[in-house]
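Each of the next two complexes has subunit A plus one other chain: subunit B in the first, subunit C in the second.
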Partner chain A sequence: MSSSAPSAAIPAEIPRHEDLVNERLVAWYFIASLVFLGTSMLAGLHMALQLVHWNPCPDAELLSPGRWRMVHTNAVAYGFLANAFLGMLHWTVPRLTLRPVASSALSYFIFGAWQFVVLSTAAGILIGPSLQDAPWVMELAAKYNISMSLGAQGIEWGETPVWIDPIAQVGLLLVAINFMVPISRARGPMYVTLWYFMAMFVWTFLVYAMGNFMSEYWVGGTSGGAVGGLFIHDLVGLFVTPLGWGMMYYFVPILLQKPIWSHGLSLVGFWGLAFFYPLNGIHHFLYTPIPMFLQYGAVIATIAVEFVVTTVIINFIGTVWGQGKSVYRSLPLRWFYTGMIFYFLTCLQCALQVTLTFQKLIHFTDWVVGHAHLVMFGVFSLWLFGVMTYLFPRLIGRDWWSPQLCEWHYWLSTAGVLVMAFDLTLAGIFQGYYWASLQMWDVSVDGSMPFWITRVFAGLAMLGGFVCFVWNLVMTYRTAPAKGAVAAV
Partner chain B sequence: MFESKAGILWIGGIGFFALAFLSNALVPVLMYRDLPEQTAEEVVNARVMYQFEDLSRRYPEAFQAAFGEPTEEKCAEALRLGRQVYIGEGCWHCHSQFVRPVSNESRRFGDVAKTEEFQNELQRPVMFGTRRVGPDLSREGGRRGNDWHVVHFFEPKSVSDGSPMPNYPWLFDGDPEKPNRRGIALITYVQWLGSWLPSYPYYEEIEADRE
Partner chain C sequence: MLLLALVILVPSCLGFANKFFEFVMLFRGDADGAFAITPILNYLLAGFGFLLMFFWAAMNGMFHDIEGPKHQHLEREKMLDRGRG
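Entry: the complex of A and B
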C-alpha cells in the first residue's frame, strides 16, 4: 500500500485495521459468493449434460435446462462475482482511504438485500414461467390491466425478472453511497485502484438502468438491440473489468511489496478503458439491421481496447520483472498472473473475432461460449480465487488446512478452463463451416458432440477444483485458530 | 484532472458513458423514429390467424379451455403469452431470430432480416438471440404444421433424431394431443415468426434437394 497514500494524506495516527475493516462481513460475502458459484457450476453442468443427451431428469419442469442455463449466467454475474467483489471492496476501500465505510448497518442491509435479489432472481427464473398462466396471475393481470412476465426478462445477462429490477437498482445506489463516502472524505491523491472503483460505481448504476429499463419499456426492435448490446458489453466492461483491475492494482503490489512499475501506464490503461470500452456494445450484433456505420465504429473501438489492454499487461509484467519466481511460489500471485495471461489471450481473441471476417464464421457458435468462459472464469474468477486464497486465512485467523488442496484448486481450475475454452473455440470453427457450407442442420449438431462431451469433463474439472477449495475451507475453519493469527499486510 | 475525483466521476464516469450512449444507442433510436412500434393486435395477420384457427380445430377442447374462440384479439393475447413462454423457457438462448446477409444464411433460412420486422411490441426486448444450437426461427412460421409442433415440443427426439433440445411436457396435459394454454400460445408465437413476409420463403431448398 506504499504507493496509495502519500504522507500528506495520512491522518496523524493511522487507524487500526480492526476499526476499518469489518472482517466478518468480508467473510460472509465470500461465503455467499461461493454458494452461488457452486449453484452456477451445477446449473452449467446440467445444461452441458442436456446437450450430450445425458440429462438425468428430462421431464421435470423446475429442472428445465433452458431455465437453469439462465440461472447459470445470472448466478455467476450477480451471485458469485458481485458478492465476491463486494467482499473485496469492504476490505480494500477502507484500507485505501483509511476510513471505514459510510455505515456498518447499511453494509449489513445491503448484504441481506443483495442475497434477496440473487435468490429471487433464481426463483423468478425457475418458477416464474410455470405461474405465467395460473388463474390468479391472469386475474391480477386483468384487474390491473398489466401483462407482466413473471419469469426471466428477455435481456441477455439481464434475465433478472422485471419485478426485481427496481430493488437491484436501489441496491446499487446504496452500494455506491456506502463506499463513496469514505472515498470522498479521503484527502490527497487517489491510488489507481480507487479510480477504477469510483468510475465503476457510476457506470454500474447507469448500465443497469439502461439495460433493464430502457430496453424493456422504451426502446424495442433494432435500436433496442443496440441498447441490449451496450448493456451486455458494459456489464463486463464497466462493472466486472474495473473491479477486477482495481483489485489487481491493489493486491499485486502488496504481495510483491513494491509499487506498480509505471504510473503513466496506469493512467493510459484507466483512461483508455474508460473511453473505448463503452463504445464497443454494438459488436455483439454485427450483421443485424443495426446501421452498418455503427457496427464499424464498434469494431474499431474494440480493436482500440486491445491496445489499451496491452499497455496494462505490460505494466503488470514490468511490476513483476526480476521477481518471476514469486509468481511460482506465492499461490495468490500465481492466480493473478495466470488470470492476466488469460486476459491477454481473451482480448487478443476479441480483437480477431470482432472483425466482420471472423463474425461471418463464428457468430452464434460455441466460439463465443468459449470466449465467455475464458473471460468470466479464466480471468475474473481466477483473480477472485487468488484474493480469497490470500484473505481467508486472515479473515478466519488460521492457515490453510491443506496447501495441497489449494494447489489442486489452482491446477484443476486452470486446466479445466483452458481445455473448455480451447475446445469450444474449436467447436465454433467447425459449426461455422458446417453452417456456411449448407450442410443439413443435424450435421452441425452431430459434429459438435465430441466437443460438447469434452466440455462436460472440462467443466467437471473446474467443479472438482471448486470442491477442493470448499472442502479445504471447511476443514480450515474446523481446525483450532493459529496462535498468532495470520497478519494482514 | 486525470487523477482527481471530479475528473474521474464527471469525465470518465458520466462523460464517456454519455458519449457512448449518445452515439451507440440514441443514434439508432433517432434513425428509426419514423417506424412506430406496432402492437400485438396490429401484427396479427391472415397467415397466423390461419394457424390459430387450425389449432382450434385440431385441439378443440384444449383450445376452448385456453382461449375460447379463435378471434384476432385472442390471437394477439396468445402471441403475447407465447413470447413470454419463449423468453421464460430460454428458447432465445439456443435459437436466433435474425438472418444475416452472409454465410449462405438467406439460402438456408430465407430473406435477410430487415429493421421493419422488429418494430413491434413482441420484439421489445428484441429476440435477436445469442447462440444457434438449433436453427434460426425468424422464418419458422408456416414451415411445419401444428401437428408436428405439438409432438416436437412434447419430445423433440421423437420427430428430430439426435436433437439436443429439451422436452417440454409441461406445455401439455400429459399428451401431445392436449396442449395447454402456454403450449398453444407458444406454437402460435412460433407460427407467427416470418408470417409477415410477402411470401413464405422457399425453405431449405437444400433439404428438398436431398429428399
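Entry: the complex of A and C
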C-alpha cells in the first residue's frame, strides 16, 4: 500500500465548510427522516399487535393493519432511509469534492418534492382503497375511461401508487443531477465513497424505472415476477448498500483519524458489487416457475457477492486493528461497528438462504422477516444513527444534552433488533418444519404465537430507544449552547 | 497477470456468448420466452454500462496511485474542520 503525496489533488486554498455544506438542509432531512421512522415504528407495532390478536382499533378501516403494514415498509424505505441518506449526502459530497451541490434552490425543491412523494404514497395506501370504491370515483373513472388505481400499486416495495411514480422518477433524476455536478467537477482519482455514490445515482434511477414501470405496463405474469424480484433486491443492493458502504468509508476513517486499511481493496469491493449484484434478485424466487437456469444464476451471483462483502468487512477490520478500544469509547464508531457485525450476520443468513435445500424450509416463513429487520434496522439504521449521533451536535452547535440517553438509544435499539431477529429466525425454522410435516395451518399459527408476542416486546424496546433519541435531540436543541461544543459522544 | 486474465476471460466470454445465442434462438417467436430473457438483458445492459465506466476510469488514471485518495480524504477533512467558523 503505497503512501502518496497526499495533497496532490487538494488545492492550496480550499473553500470554507460554510460555503460548501447547507447545514440547515442536512438537519431538515434528518428531522424528516426521524418523523417517518417514528411513524413507521408505530405502524410496525400496530401490525405486530394485530398478529397476536391485540389489534387496538379493530373497527377503523383507515387503521387496518394490512394498510399500515405497507405504510410501515414504505415509510421506512422512502421516508426514513431515503431522507436520512439525502441529508448525509448533502454533508459528504460537497466536503469530498470541495464543491457545493449544483443548486441550493434545487436542493430545497427536492426536499419538498420528496416529502410530497412519501406523504402521497402513505395517503394512497391508506385512503386509496376506500376512495377507489366510492360511487363518484367509479363514475368518473367510467366516464373518462381511466383504469388507473388510486391505492397501492401491486408491486412489492413499489406500492407507491401509479400516479406518483412519474413524479418520483423525475425527483430521482434531479437528485442525480444535483450531486453529479460537483462529483464530475472533482479533480484527481476519486475516493471510494464517491464511486459508490456515483453508481448509486445511476442505479437507483434505473432500478426505480424497472420496478415501477416495466412490471406495471409491459411485462406481466411470471415475467413481472422476475422483474419484481430484481427490483426488490436491487433496491437493497444498488440503492441502500452503496450509500451505506460509501457512508462508512467516509465516516470511519474520520472518527478513527486513520485512513482506510486498503483503498485498493475497497475498489475491488465496489467493482465486485457493480458486476455481481444486479443478477442477485431472482434469489427471492427460488422454487417459483421462473426457469431454473435463472435461479441457479442468481445463486452463483449471490455467492460471488458474499466474497465481495468479505473484502469490505476485512477492510474495516484492518482499519480498526489495534484501536479496538475506540470502538467502545466513541458512540458513533460503536454504532458503525455494531452495524457491521449485523451485516456479517445478515450475509451469513444469505449464504444459507441461497441454497435450495435451505430455501425449501424457510420460504415464506418469518425467517425472511427477521432477515429484513436485521439488515434494514440492524445495519443501515444503526449506521445512520451513528452518523446522526456524530453530526447533530455539529449541526446544532452544542453537545448532546444527555450522553446517557445516547447510550440508552444504542442499547435499546441493539438489544431490540437482536432479539427481534433471533426470535423471527427461530420462528421461521419452526414454521418451516410445521409446514413440511403437513400439519394443519392453524397449528403453525398457534406455534408462532410465542414468537410473535416476543416480537412485540422487541419492537417496544426499539421504539423506546428511538424515543430516548428524539427526547435527547429536543432537549439538546432547547438548552443553551455549551462552550467548546461539538465534542463527539 | 494479463495473460492469466485473458486465459480465463476469453473462453468464458465466448462460452457465455455462445450459450446466450442458443438461448435466444430457442425462445425466438415464443411470447412467453421473453420473460426469461428480460432479466438477463437488463443485467447485460447495466453490466455493459459499468464495463464502459471501468475502462473510462482506467484510461483516466483513476487506478494510478491507488492508495492516494484515502490520504487526501483525511487531509481534506482536517483542512475543512480547521477553517470552520
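The criterion applied here is as follows: the second predicted complex is superposed on the first by the 476 of 489 C-alpha atoms of A that agree within 3 Å, B and C clash if a C-alpha of one lies under 4 Å from a C-alpha of the other, contacts with A are read in each partner's own complex, and residues count from 1 in each chain.
Operating definition for what follows: a residue touches a chain if its C-beta (ideal position, glycine included) is under 8 Å from a C-beta of that chain, and two chains touch if they have at least 3 such contacts.
If you're wondering where the values come from, they're calculated on a predicted model, not measured in any experiment.
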*Could you classify subunit B and subunit C on subunit A, in the superposed arrangement, as clash or fit?*
clash
_Larger contact residue set on subunit A - subunit B or subunit C_ = B
*asked:* By the touch definition at the top of the document, which applies to A:Phe285: first (subunit B), second (subunit C), both, or neither?
replied: first
*Based on the superposed arrangement, let me know which partner A:Ala274 touches: subunit B (first), subunit C (second), both, or neither?*
both
*Considering only the touch criterion stated at the top, classify A:Pro65 as touching first (subunit B), second (subunit C), both, or neither.*
first
*Mind working out whether A:Ala436 is in touch with subunit B, subunit C, both or neither, as first, second, both or neither?*
first
*asked:* For A:Leu230, using the defined touch cut-off, is the partner it touches subunit B, subunit C, both, or neither? Pick first, second, both or neither.
replied: both
_I'd like to know which partner A:Gly264 touches here: subunit B for first, subunit C for second, both or neither._
second
_Quick check for you: in the superposed arrangement, does A:Asp133 touch first (subunit B), second (subunit C), both or neither?_
first
*State whether A:Leu294 touches subunit B only (first), subunit C only (second), both chains, or neither.*
both
*Go through the superposed model and pick first if A:Val219 touches only subunit B, second if only subunit C, both, or neither.*
both
*subunit A residues contacted in one complex by subunit B, in the other by subunit C*: 189-190, 199, 202-203, 206, 210, 214, 219, 221-223, 226-227, 229-230, 267, 271, 274-275, 278-279, 281-282, 290-291, 294, 297
*Which residues of subunit B touch subunit A in their complex?*
2-5, 8-9, 11-14, 16-17, 19-21, 23-25, 27-29, 31-32, 35, 37, 80-81, 84-85, 87-94, 96, 98, 100-105, 107-108, 113-115, 117-121, 123-135, 160-164, 166-170, 180-182, 185, 206-207, 210
_Touch list for subunit A against partner subunit B, complex_ = 50-53, 55, 58-59, 61, 64-67, 69-70, 125, 128-130, 132-133, 147, 149-156, 183-184, 189-190, 195, 198-199, 201-203, 206-207, 210, 214-216, 219-230, 238, 267, 270-271, 274-275, 278-279, 281-282, 285, 287-291, 294, 297-298, 359-361, 363-366, 368-369, 432, 435-438, 440-442, 445-446, 452
*Give every residue of subunit C touching subunit A within the complex, in rising order.*
32, 34-36, 38-40, 42-43, 46-47, 49-50, 54, 61-77, 79-81, 83-85
*Tell me, which parts of subunit A touch subunit C in their complex?*
1-10, 14, 16-18, 20, 95-96, 98, 188-193, 199, 202-203, 206, 210, 214, 219, 221-223, 226-227, 229-230, 250, 253-254, 257-260, 262-264, 267, 271, 274-275, 278-279, 281-282, 290-291, 294, 297
